[in-house]
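Each structure below appears as structure tokens.
First subunit A sits with subunit B, and in the next complex the same chain sits with subunit C.
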Partner chain A sequence: MHQPSPDPFLRLEGVSKRYAGGALRAVDDVSIDIRRGEFLSLLGPSGSGKTTTLMMIAGFELPSDGRIVLSGRDIVGIPAHRRNFGMVFQNYALFPHMTVFDNVAYPLRLRKLAPDAIAETVGRYLEMVGLTSYADRRPNALSGGQQQRVALARALVFDPAVVLMDEPLGALDKNLREQLQFEIKALQRKLGITLIYVTHDQSEAMTMSDRIAVFNAGHIEQIAAPIEIYRRPATRFVGEFVGESNMFEATVSDPQAGVVSTAIGPVRAAAPLDCARDAPVLAMIRPELIRPADAPPADNGTTLTVASIVHFGDRVAVEGSTADGHTVRLRLSDREAAALAPGADLAVSWRPDDVHLLVP
Partner chain B sequence: MTGGSAWSRGAPLLPRLLAVAVAAFVLLPMLLVVVMSFGEGTSLRFPPSAFTLDSYAAYVTRPDWMQPTLNSFVIALASAAITLLVTTPAAFAFALFDFPGKRLVRLMIMMPLMVPFIVMALAYFFFFGRTGLLNTMTGVVIAHACLSVPIVFLIQSANLKSFDWTLMRASASCGAGPLTSFRHVALPLLRPSFLVAGLFAFITSFDETVIALFISGRAASTLPRRMFESVRQESDPVVAVVSTLLFVVVVVAALAVAWRQSRKQ
Partner chain C sequence: MAQTMPDGATSDEPTDHSPPRPLLSPGVTRPLRPWLLLAPAIVFVTGLFLVPLAGILRLSVVGPDGFTLEAYGAFFTDPFYLRILGRTLAVALTVTVFCILLGYPIAYVAARYGGRLGTALILIVTMSFWTSFLARTYAWMVILGSQGLLSTVLRGLGWEEPPQLLFTGIAANIGMIHILLPFMVLSLFAVMQRIDPSLLKASAGLGATPFQTFRTVFLPLSAPGIINGSALVFIVCLGFYVTPELLGGPQDQMIARLIGSQIEQLLDWREAATMAAVLLAVTLALFAVYDHFFGLDRLWRS
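For the complex of A and B:
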């Protein structure tokens, strides 16, 4: 299901969380190996169990089942405050009665560092997040982005073993969010932080993560590198949740040649198929990989009637339908779409390389 | 439609008149007492024949007035302390945990609110009579604490409801255990509202008369009890002095709160 890692630093083994007397499985048999220094995103729709999983790692929720192992030691019984994990919350959760400096100094004071060591370390981290001149302010005198930078400094300042973030940028506007994504990623690289990052924003997960764990209804559908998730989703859910996709139900017609038959005609994949003739599979083709063609080829192509054209500026979303009413989505450049109008015929094709077959 | 428009034009005036009437209704008797407190002679009379500070001097020098005053302060302080000691952990437990019998326990805490004072007074009278707590300060302290527990519990529960609990998680993630988090995060943030709750408990006790009449006796007599006896038996003008002083304290406190509030904005 997931690739075994050589150095599993933090490891979830069959972790479950049940609520309502076992009736509700918020998290269901989740296993993840997290490498030291890895940026892992937990991505999934609302209610899929991302926060619950993170809270179990943090120590704020007790798993109903399973083990959480850090460097070979089961930490399920260790309370949150002894796990030495940094945490960033969506609503910042800064201490309103303390200055920025005191907020960041708080973890160090708890660790009984000498005052000058504290001042030096806090100064260094405030500089990293660009808030040196704000040290004496109270949190309520800061913007949302600045507050989250303080929270970031507070979560990193004590050199935690793992840093956990639950939708840390969810409350910020788009530009600020992108800027902070960049800053968090840069800090994580620079400091070699092991970071588990909960988000339901797929572009955030795609751009920042080393690997993404896609959650659905409490279980993990796939854990892989972002581009792997995009190119070769393991399940229909992943293919449809991450990015746009054309998904066709198919039956295998020639396993050796990698040919399946679908409602839009025969589709040929690049590699032979590891399943029997007539086995049911799903054929997925990303919209941007379907190209306009001079004439539709015998396989891996069809003729569409253009149904709708939506301009996004940098790209054009085109929807066409086949003769028997199946919808196919395309991404074209402005130039490619220039001659198109609703109702026009459009021949399209795609390469065998661009066909991804999912065996359910 | 002239009648309708005349009415709506008059409407803003009506609430104002009402407000003035209510204020007068509340304040006039109070002012009467204030005037009487400066009166001459050994009995209450209105209007006074001459103005002196004799009664004020009498109040601060007479042990039969000073002792109940002191008693009231001690009792109110002690019962406020006991109340907070009971309600603070209770309010936290109710805010943080689900436990079996939660509703039943809540009902028990709220019970004193549902029982008429006079019934409680009688119950304490007989119960304390048997346990030797009648006519003792301890007895009054216990009774008053029971009285203020439900109200203060409600106030503190409301405060905890609006408290941002993720702050406690943030504190834990920084490495603070529950008690340390409480000391460094919850307490400083909740202290002002807890102080108000404590003040409420203090006033509840300081102001309470019915139960004190039944169980405080002469030895542990509270100020309200002393005032009640004074009015009934001696018509001593010192009672007007005490009322005036209490009135002044309340007005000053209210003004101070209002002033603080306006400065915050």
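For the complex of A and C:
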């Protein structure tokens, strides 16, 4: 198993892409350092510029601005076919007139490998994706999951410097998607692949990535490890896009004590604040960190009137509102929610550790 | 229709189509329905095509004393007739090859670079359908005549004795290529347009130069268009009559013209019918060859 090494391997420096004569900034001043062997996800809503960024890395789109540097060399001027990057598309893009074997052999034949070396390598990769017995089939005689495995083998077989995937599992059903997430992650680890993975599915990004770059309207809001993104989102957008959150606008009332005042009362964070009194901040508390309490404490708690209860099987989503009508979302276990009914009063509290304050 | 079947991808099971709504009253049994739908076409084809065809075949084998293959014997032993049949096939082949060479780049640009340019190209190509092909043939006479546009331009450029093109095989071929080119372009365009652009990206990403991508991905995937277009052009060309007659010389007669003169000048209906039957047989044989070799493309076309 390879460990990501700390030196930047692929580097985007202030990369932008403008369309419509500059009016539309599809990608706006994006900088990322990608380490060798790293699994980086580009996560963001539709139209946020993920595909455009990936296409510029692949060499299918020319950046309007900025540099893309691979091992110290600017590759912006190098055409896609000389970049040696593997690419997996959402619609698989398998060559319909070639067998599975020929599809996977394609990049090796272009590199003029000897036929027996090709047969050996293709065989090895087909085995890795579990398709050995399908070598002679045409792509249209395969299921979606099998087709994507072929595409995967084809993108990896020539030992590319970087592998790029654009929503590779977007067309598959949930079970198959989870299975392939696991397989891709396992292959990436085993082969030490540097992988850039575009998705708009946050759970996919959370479970697979070493780091996630969260895109919004063409720029990057935050790049960090998944748990960091979840626990300490850098912006309101990230906090609301990744996972569920309670986000309250607040003003700092006591920086030393870490207390801010919000519409649902004073909220106290664990550490002193590095900002002035009355500075505007946002207080975020994840729904699962708000717990039922015997009585609401002076700060970090309130009393809610239960508005709705939705059972998800493994957890229960409860929405309550404060006396002056502010909504608070909670995640409870089935047992915790058993006694609740809409209209009931519910005292809740949270720990200072679980309060995340961010600049709006 | 897309080669990669993105829609078939989400599930391994075939989708369950509910039975079609009955088109007719429930009393009509199922297997009858397609025949009822086809009935008008069957009547049309039988009345206007199969019956006259049978008539022609009958004509070719019935002599004054009943059944005879005399006319076929005459055809296949007469070097003049055979030469014209051979020439007809050679001309059709030449025209087909030139239609491919000229039509492929047009269709390629239209399909690959889409947008305004593509639409404009296809519009220009189909626009020639709006003018009758007789008019187009006469236009070529004006252009290629000894005092025509081309000669005038060539003389203006200092060529004192530009070659006479009108009433030669070259003029006849130019006219036929011009008339048949749109069929080729549209056949090619229809197939090329359905080639998924991400296949070309995938190929480049895997290391293929633009030319390698063209040769190993685009060209094979557009082959059905070449084959369909060629079959169309070749077979239509076999029956050309007016264009070679008006643009070519006497030595450029094709078989359709020969059939015409058999009737008009010799009133030999039997020999004319025989030639028509031979032409039909050649056409059918070509279709059979086509089907044998290229029916295969259905393997990857849905």
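As a convention for this text, the second predicted complex is superposed on the first by the 354 of 360 C-alpha atoms of A that agree within 3 Å, B and C clash if a C-alpha of one lies under 4 Å from a C-alpha of the other, contacts with A are read in each partner's own complex, and residues count from 1 in each chain.
Keep this in mind: a contact is a pair of C-beta atoms (placed from the backbone, for glycine too) under 8 Å apart; a residue touches a chain by one contact, two chains touch by 3 or more.
These numbers come from a predicted model, not from an experiment.
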Combined model on subunit A where subunit B meets subunit C, clash or fit: clash
Touching partner for A:Gln179 - first (subunit B), second (subunit C), both, neither: neither
Touching partner for A:Met87 - first (subunit B), second (subunit C), both, neither: both
Partner chain in contact with A:Arg138 - subunit B first, subunit C second, else both or neither: second
Subunit B versus subunit C as contact partner of A:Ala171, first or second or both or neither: second
Partner chain(s) touched by A:Ala58 [first = subunit B, second = subunit C, both, neither]: both
Contacts of A:Gln147 with subunit B and subunit C, given as first, second, both or neither: second
Intersection of subunit A interface sets (partners subunit B, subunit C): 58-60, 79-82, 84-87, 89, 91, 93-97, 106-107, 110-111, 154-155, 158, 164
Of subunit C, residues touching subunit A in the complex: 3-6, 8-12, 196, 198-199, 201-210, 212-213, 216-217, 220-221, 299-300, 302
Complex contact set, residues of subunit B against subunit A: 164, 166-167, 169-178, 180-181, 184-185, 188-189
In the complex, subunit A residues that touch subunit C: 58-60, 79-87, 89, 91-97, 106-107, 110-111, 138-140, 143-145, 147, 154-155, 158, 164, 171-173
Subunit B partner contacts - residues on subunit A that touch it in the complex: 58-60, 79-82, 84-87, 89, 91, 93-97, 106-107, 110-111, 151, 154-155, 158, 164
